[in-house]
Amino acid sequence: MSTRLELRGLTRHHRGQHVAALNGLDLDVNAGACLALLGPSGSGKSTTLRLVAGLDQPTRGTVLLDGDDVTNTPAEQRGIAMVFQRALLFPHLSVIDNVAFAARASGMSRRDSRAASQRYLELVQLGDFADRCVADISGGQAQRVALARSLAAEPKVLLLDEPFSALDSALRADMYALLRSIRDALNPTIVLVTHDQSEAAAVAEEIAVLIDGVLEHHSDVRTAYVRPSTLAVHRLMGGLNEIPGSIASGVHRSELGSHVLPADICARDGPATLVIRQEVVRLAEPSASSITGTIESLQSAGIRQRARVRVGSSSVFVELPPQVSAAAGTVVGLQLPTDALHAISTRAGGAV
Amino acid sequence: MSSPAAEPGAWRAALWVLPALVPVATILVAGLGSALLQSLGLMPLVGAPALTIDAYRVNAGDIATSAALSVAIATAATAIGVLIGVTTALTAVAGRRWALWAGTVTVPVPHLIGAATIGLLLADSGLLARLFGLSEGGWPALVGGRWWIAVVLEYAWKESAFIALVVAAVLATRVAAYDETAAVLGASRRARLRLVTFPLIRPAVVAAATISFTYTLGSYEVALLLGRAYPEPLPVMAIRLFTSVDLATRPQAAAAAIVTAVLALLAVAGALMTLRRSAGWR
Amino acid sequence: MSRVVRAALVLWFLVPLVPILLWAFANRWPFPDLLPQQWGLDGVRSGLAAGAPHAFVVSATLGLAVAAIATPAGALAARALTSGRLPIPRVVEAVLLAPLILPAFAVALGLDVLVLRTRVPSPLAVVAVLSVAAIPYTTYLMRVAFGAYDKGFEEEARTLGASRATVLIRVQIPLLAPALSGAAFLAFLVGWTDYVVTLLIGGGRMVSVPILVASFAAGTGNSSVVAALSLAAVIPPLILLTLVARAGPRTGTST
């Protein structure tokens, strides 16, 4: 099930639309890897999946599986399975018959296809549900059956289109664990579309960010958080700190002072926004820090608190560790670890 | 699903349904009841009521022949209608809805007009005969001929549009998403039809076909215009006896009508059993 | 391949309508000519002289009366059925759908004696029977509409302060208008296209368009009159159909 997926210049204009839903996408997914395709609504993520699956035709560009051009192959012959947001289990078939569908469609007898599919049902921990009616199972169970059904087709690539967005968070955590066990067992190549960066980080090794049909970022998960390519990507990944300023000779100057940027960032001289993850910024004694400011407000983020620290006219968000408490109005010092600093060049007079 | 009628919601719902329920129940019971009573001699035009099955016995042979003919015509017409109707609905799925639109145009055409125009099309001196340049004897007797071809074709023509519209509606709502799902699971077009589309449209097809079948069974004007004098389908026989000068034939007319109604009910019973066997219902 | 199939289907549906288009305006069309020798309006004139306008009025009245009765009855019944609170819903459904499968001529045949004996005016009886015949269509169509109808719109309107009447007029009816017009159209068709019930119960005094056409079609040599009258029978509902289709699917966002 491990196949290398390559997308070259994939472009799609929906019928009658001027603006491209997807514009010149170049993307590689290694065999057995899991890539999360992230982006806001309408960014072209689902369009991409549909083009890869063969449900829609691209206006331009090619889709390659292990080097073979499948752009003109119809969906049913590509060997690419897709799980949708709604489980879409066939209402006229039982659970096991749903899972056995691909086998049945390829000509296997009903008995053989059922026998062959049982293991996939067990892989998603629903082995006892084989004879159940589709209408009698819950949403989470239905999504698992849909997953088993796609896996039973033994696809070269598995596409998941926001499959967990309709589930509650506890169920979602179960599904992430399930996906991990499936990857251990079958090692499929997976592309997961999601709008939730924490889901992307939980499930995938690589993150690709699509915004308005254009690929703005592609890297491993940690880099996507710490070294986003654009401000839009930074915001999408949940980053809150953006400090405008400028770069000269590898040093970023802003209201927060001068900061030497890490060597691995290639930033041009000129206007640039400093970004740093709020989880990484640390509070310290005002006397021991080069940056001081006042806590303007505190907001709960789960069990932690997020402090908004005012420095001059800028705000720096700091996510406080659970044991640390602070009060609004306190004067605090801020420590920005150098290796966590990142700067994104901006055009003069505007953010990206 | 029986809830205690003391609920206010139930009373209100019952009230709402009355404007439709009362007329339907009254007219069906009055009409068919009266026909039944007339056929059994219990509601004679003249004389005293006396229970008898003479009306059925006297014409038994003719009734049987007419019934067989009616069923044959209805079966043939419905079979063709289903074939063409489902095909039409399937062609409309992909987006080019010409065929479905053409079918919709025929919906407002009354059956009587349909009979008239198909008569003009298929008669010995009709448009098709002229088109093929076949003169007397060369053109088969489609109208008023031995095989009731024009009659069957008219019914099939109208029923195919009805079935196409019903099936197209089901395809558009229920089936579309499942077709894509099946495609990404590797099912070829033929497999998708066999394993997904046909099972999902089956209840709608059975329902529409049953309605078409029973309608054709009880239809009068088409057989009148395009059929031959003998044998007669049941409705033609019944109305001939009903409108004849001899009043004694009224009960026989009623008998033929009741037989038609019974055949229709049998067809529906058969359809319900077919539907019950399959899992999918509305 | 499918293009050929589609073309064949279009021909199947539309070719039978060609004769009435040609014959309606054919003054002379001897066999075996492929096209009329002489075009003209003789058929139309004969039709008018034979009482086409009166028949038109009769048919239109029938159609409108049936629509006026069957549409609200069907809508109310559909509402009751989809509310989920109706007692014995399956039985009610079966009764309401029964006119679809029971032969109309049998009902009319049996009812005729009763109508005569109770001295009910025959036009009234015809309208009643045809309304009953139309109720399954209107009920079913409105059931589908109510099924797709999102109560959320109503509830939202009420939380915005709309009274029950306002909700009815400004929310429910506009949302249901396409389905209502579709149901009314089907009911109208039942009245407009009927032959048997008008024949049996109308007592020969109600001359609707189908009855008029039949009287000419039974004879020979009347092809152009029959065709002209047939056109008159087909065009008004077709016009209505396009109007209804325009008012039709204006559904908002789909899932």
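Order as written gives the chain letters A, B and C; numbering starts at 1 within each chain.
The criterion applied here is as follows: a residue touches a chain if its C-beta (ideal position, glycine included) is under 8 Å from a C-beta of that chain, and two chains touch if they have at least 3 such contacts.
This one's a predicted model, so the numbers in the text were calculated from it and none came from an experiment.
Engineer: Would you mind naming the chains that touch subunit A and likewise touch subunit B?
Structural biologist: Shared contacts of subunit A and subunit B: no chain.
Engineer: Could you find the chain whose CA centre sits the greatest distance from that of subunit B?
Structural biologist: Farthest from subunit B by mean C-alpha position: A.
Engineer: Which chains touch each other through the most C-beta pairs?
Structural biologist: Of all chain pairs, the one joined by the most C-beta contacts is B-C.
Engineer: Between subunit A and subunit C, tell me the centre distance in angstrom, where each centre is the average of that chain's C-alpha atoms.
Structural biologist: That gives a centre separation of 55 Å.
Engineer: Determine the centre-to-centre distance between subunit B and subunit C, using the mean Cα coordinates as centres, and give it in whole Å.
Structural biologist: 16
Engineer: How about subunit A: which of its residues touch subunit B in the complex?
Structural biologist: 53-55, 74-77, 79-82, 84, 86, 88, 90-92, 101-102, 104-106, 133, 149-150, 153, 159
Engineer: Provide the residue numbers of subunit C that touch subunit B in the complex, in ascending order.
Structural biologist: Within the complex, subunit C touches subunit B at residues 2, 5-6, 9-10, 12-20, 22-23, 31-34, 72-74, 76-77, 79-81, 83, 85-90, 92, 95-96, 98-111, 113-114, 128-129, 131-132, 135, 139, 189, 192-196, 199-200, 209-210, 213-214, 217-218, 223, 226-227, 230, 233-234, 237-238, 240-241.
Engineer: State the interface residues of subunit B toward subunit A in the complex, per the touch definition above.
Structural biologist: 177-178, 180-189, 191-192, 195-196, 199-200, 278-280
Engineer: In the complex of these two chains, what residues of subunit B are touching subunit C?
Structural biologist: Contacts found on subunit B: 1-3, 5, 7, 9-10, 12-17, 19-21, 23-25, 27-28, 30-36, 38, 43, 45, 84, 87-88, 91, 94, 96, 98-99, 102-121, 125-127, 129-131, 133, 135, 157, 160-161, 210-211, 214-215, 217-218, 220-221, 224-225, 235, 238-239, 242, 253-254, 257-258, 260-261, 264-265, 267-268.
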